[in-house]
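A, B, C and D label the chains in the order they appear, each numbered from 1.
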Amino acid sequence: MVPVYAYFGPAGTFTEMALDAVLRRRGEASTATKIAVSNPPAVIDLIRSGGADFGCVPIESSLEGAVPATMDALSPSAGLPRVQAYAEAALDISFTVAAATPMDPADVRTVAAYPVAAGQVRRSIEELFPRAEVVVATSNSGAARDVAEGRADAAVTTAAAARMHELATLADGVADSDDAVTRFLLLGPAGPPPEPTGADRTSVILDLPNTPGSLVAAMNEFAMRGIDLTRIESRPVGPGQYRFYLDARGHVRDAAVGEALRALHRSAERVVFLGSWPVDPQLAVTTAATPPDHTESREWFHRLLSGEL
Amino acid sequence: MVPVYAYFGPAGTFTEMALDAVLRRRGEASTATKIAVSNPPAVIDLIRSGGADFGCVPIESSLEGAVPATMDALSPSAGLPRVQAYAEAALDISFTVAAATPMDPADVRTVAAYPVAAGQVRRSIEELFPRAEVVVATSNSGAARDVAEGRADAAVTTAAAARMHELATLADGVADSDDAVTRFLLLGPAGPPPEPTGADRTSVILDLPNTPGSLVAAMNEFAMRGIDLTRIESRPVGPGQYRFYLDARGHVRDAAVGEALRALHRSAERVVFLGSWPVDPQLAVTTAATPPDHTESREWFHRLLSGEL
Amino acid sequence: MVPVYAYFGPAGTFTEMALDAVLRRRGEASTATKIAVSNPPAVIDLIRSGGADFGCVPIESSLEGAVPATMDALSPSAGLPRVQAYAEAALDISFTVAAATPMDPADVRTVAAYPVAAGQVRRSIEELFPRAEVVVATSNSGAARDVAEGRADAAVTTAAAARMHELATLADGVADSDDAVTRFLLLGPAGPPPEPTGADRTSVILDLPNTPGSLVAAMNEFAMRGIDLTRIESRPVGPGQYRFYLDARGHVRDAAVGEALRALHRSAERVVFLGSWPVDPQLAVTTAATPPDHTESREWFHRLLSGEL
Amino acid sequence: MVPVYAYFGPAGTFTEMALDAVLRRRGEASTATKIAVSNPPAVIDLIRSGGADFGCVPIESSLEGAVPATMDALSPSAGLPRVQAYAEAALDISFTVAAATPMDPADVRTVAAYPVAAGQVRRSIEELFPRAEVVVATSNSGAARDVAEGRADAAVTTAAAARMHELATLADGVADSDDAVTRFLLLGPAGPPPEPTGADRTSVILDLPNTPGSLVAAMNEFAMRGIDLTRIESRPVGPGQYRFYLDARGHVRDAAVGEALRALHRSAERVVFLGSWPVDPQLAVTTAATPPDHTESREWFHRLLSGEL
């Protein structure tokens, strides 16, 4: 059976490009069935219901849709099954500005853009198209369709969507800042994580007791064991109540990470395991500390217990 | 001179409602000059350039526009002046669905909604208007205008915008989840913070060395001094590099908070002080720990130094 | 084969009384072979060389001999085998003052006392025997012998030694302070520790890197895992170099204690395991925290790894 | 008025040598009045009562008398005034073995030794004087007197005491281990500490709440502020209750040390300040971290509060 991959669509979005990157790595680029879904929570619902085997959603950057909504959807309500990440893809986000036919930038009067994308290219568009007004599109891909269908002169869109709608590129690599990092996750139902590679990421969602210091104590469970935290987000879940999303370097099968997770399970109100998976090579940094190796200390300890040491 | 308050508009958005709440508390509701601005970074730019005295932007929730973009704008590039928060307002976010005239929900075929709002009311809209399709609007307020101008049957909008456009309310208090907390900040140029009230919030942006444990160490500067952290966000600023946004209970004039900030200044690559201001009464929780009082220990210490103890 | 128990003698010292208490608990009071040894390091040497199966030495209080020397001897030089504690006994230390025959306190002119004991009863002796001068004895038991052999009028000694030398008790329960706690350890060669009882003590000797914070980091390995430290001593081992002796609540077979020891093995220059053994019932306090139970979190974790959760 | 210096005597002990070293540094070697006192707690009592201006006692090593008793005496009972340290001296401890006249080591049958010293030279004496028996002396100096008065063939004593009693040196630099570090403190009544020198030591006694983690939390007050702890001792003060003695690098006038002490004052049941004084040059190590400088962060903070930054 060919697996079904849902993604936050429509076709031609950055999310589809990220999914393609993952599929290429998995050697499934030509065979996989892809279905576009209208928003990230719906992708997650489809995995939970069995309607898709896997799903691709943006997780770090609001360039495409509501990442906070994605985060909320990842944290299952009581009774719902857990979803889990198995891979990630990092895209170097920049936009293509395209028109129906090649045209003088000074003649561009309307630029279709998804509102969040518009926020990322505001200054660039003002410079490139000084006489243009931004009109709202339903997605980065939808902006291209708006141009193809005559509702705007130009579109802030992706290279893939411009190609799909046979548009002419006016500008490429458009972005107000050049340090945007956008990560996408390949999600699936809960299951055994992929094998450790030595450069992995582990992600958890924590509901913590509403007491001073509970977050620092939770983070210390990682720090004390030599595990580097690479990302932390808090989401309000009620007055004075927060939910925390933590990414750590290392794999759940690394002894240090396992210890940390078990410790969190004892102290947190809830720990949702979001998976362990290989870091996208583009994000691997040379300073990255991998969790310390416990092999030697375990041997020492077992000899100690037996009294032979 | 009447102060000028910019806000993330257009008129009728939640942000304007939040600004009004702040102005009422300051006794300036009837006198202040308000100007609507197209996006939160532009509000911040206007304060920096002196075009507005104050500005109101959403900071915690993506219900209106790009909160990440707001956060990025709060962190000044080299040479730009610092902006600072002086007040906050929390709104209990739910939407009004309104039409040009009272109508049967079953007859609603198109619902105009700002994309992010659409994500928050998706399930509710499906239940209330089973035959409706969502069409994109440029803002929550713009959705109401779309209805007033005949581009949609109904709008997911705010009560204020519905009134402004003289629409008929079809449903009130619409929200898929009822625990949404949205905070808005009143920003201004750097200056002395308002007096401590005993229930204050202090916010900082930290650029930390890219070494394992640096974030936990920074948070420990608060935890060790009995200061409760209420919010933490990380934003990628480059490959493997993060910027952290921390909210703490307490006022910069509380001795414990002052100690923590000075300690961070010594260890962090950069500390941007975003201000100390009173917590919105709606968010004040009874379990809130205020930072410990240092008065007695200071007296003890001074007598110790003098040798009289 | 009847085991041989060495102890810091001579007969009649507090250490012999502590050994007797341990032997009664082990049901060996009437059968064990006891040999008195002249100093605690010699007791430890005898165990190392196989000349004794077990040995009893004071560990916490300098009432009898050089506890620091004992501590140094517990830390094996390169190539020497490790010794390990299997039991402890706490004695409520107070002294008996005894004379050859009953006599008027005012007539006592010389009081024999082991120097360290003399330091503990100085004020009491001044009050009880205002005209007496203290003369040095070789041990608490030796003080009784000095009286028996006519070298002093009275002896600061133990009840056991007074009986042994058939002396008349002039005063009982003599101690300047009534909160002295003296612990004695039953040592033996390295071997499997006794079974956990739920109220155990674990002791280690740490050689730490000479870097700021290394001691606090080591102690945090216990604290972070909910393990209470009950004692800590530092001994200089060179200029600016220290060796640390830590006692913790819990048993090496408690998962939390095992984790802490393995972590120390990874970070310390050397970890010497001194054993896990039951706390003397007299020292068990109701507030004592036992290390947290890891059973449930381990089950959770194994189900997580298998993907069934 | 010439100040009176008490010391743990008698004349010729290591403590007198340490006092002389301190007096030389203070330029008072030839003028000070010295009085020998029979034990360290009595030295401290004499300072408290005003009978001496200063006093010298051993603090780290049990080579001379009961250091634990000294530590107990430093911690004032309710109502008693605090004593404070103003200087320290480190002695490289080794012993002189001396006889009335030069003699063949093989002929030495009795060696007088203070019991604690005997513990430090046991192996050396066995090698040097294989036929000798150790007899107890009242102090290191008293051992020399015992030889001078014919009660023993040889004495384990100090160079000073051997000279004083005009004995012949049989062996010099006698010590079983060559890494003994012995520190002595110059104590006086509470008063302003000496000026910071950049290489100072600060010492405190802490009574902590009997709760798990309270000791680590207390030590973290130093570690978090970049202050190196050089020594820590615990003394039992009741069942399950401990008192802690901490030495830290730095001066009470260093901002970091001041912060730490004020923090301890807020959390501990009692903080007794034992003083800040220059480290003995012999103990100054190149790796020694001085507490971080707070000057720049204070300036930053004051400009922040004023809004000018």
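Heads up, the rule we're going with is that contacts are C-beta pairs under 8 Å (C-beta built on N, C-alpha and C of every residue); 3 or more make two chains touch, one makes a residue touch a chain.
The chain list, named the UniProt way, goes like this: A, B, C, D = Prephenate dehydratase.
Worth saying up front: this structure is predicted, and the values here are computed from it rather than measured.
Shared contact partners of chain A and chain B: not a single chain qualifies.
Of all residue numbers used at the contact between chain B and chain D, over half are used by both chains, marking a mostly same-residue interface.
Inter-chain spacing, taken between the CA centroids of chain C and chain D, is 24 Å.
In whole angstrom, the spacing between the mean C-alpha positions of chain B and chain D is 58. The distance from the centre of chain B to the centre of chain C, with each centre set as the mean of the Cα atoms, comes to 60 Å. The multi-chain contact residues of chain A, meaning those touching 2 or more other chains, are 220.
Chains touching one another, given as pairs, are A-B, A-C, B-D, C-D.
Within the complex formed with chain D, the chain C residues making contact are 39, 41, 60-62, 65-69, 72, 114-116, 119-120, 122, 136-138, 177, 179-181, 210-213, 215-217, 219-220, 222-223, 226-234, 236-240, 242, 244, 282-283, 285, 287-289. By the touch criterion stated above, chain A contacts chain C in their complex at residues 82, 84, 190-193, 220-221, 224-225, 252-253, 258-259, 261-263, 265-266, 273, 292, 294, 296-298, 300-301, 304-309.
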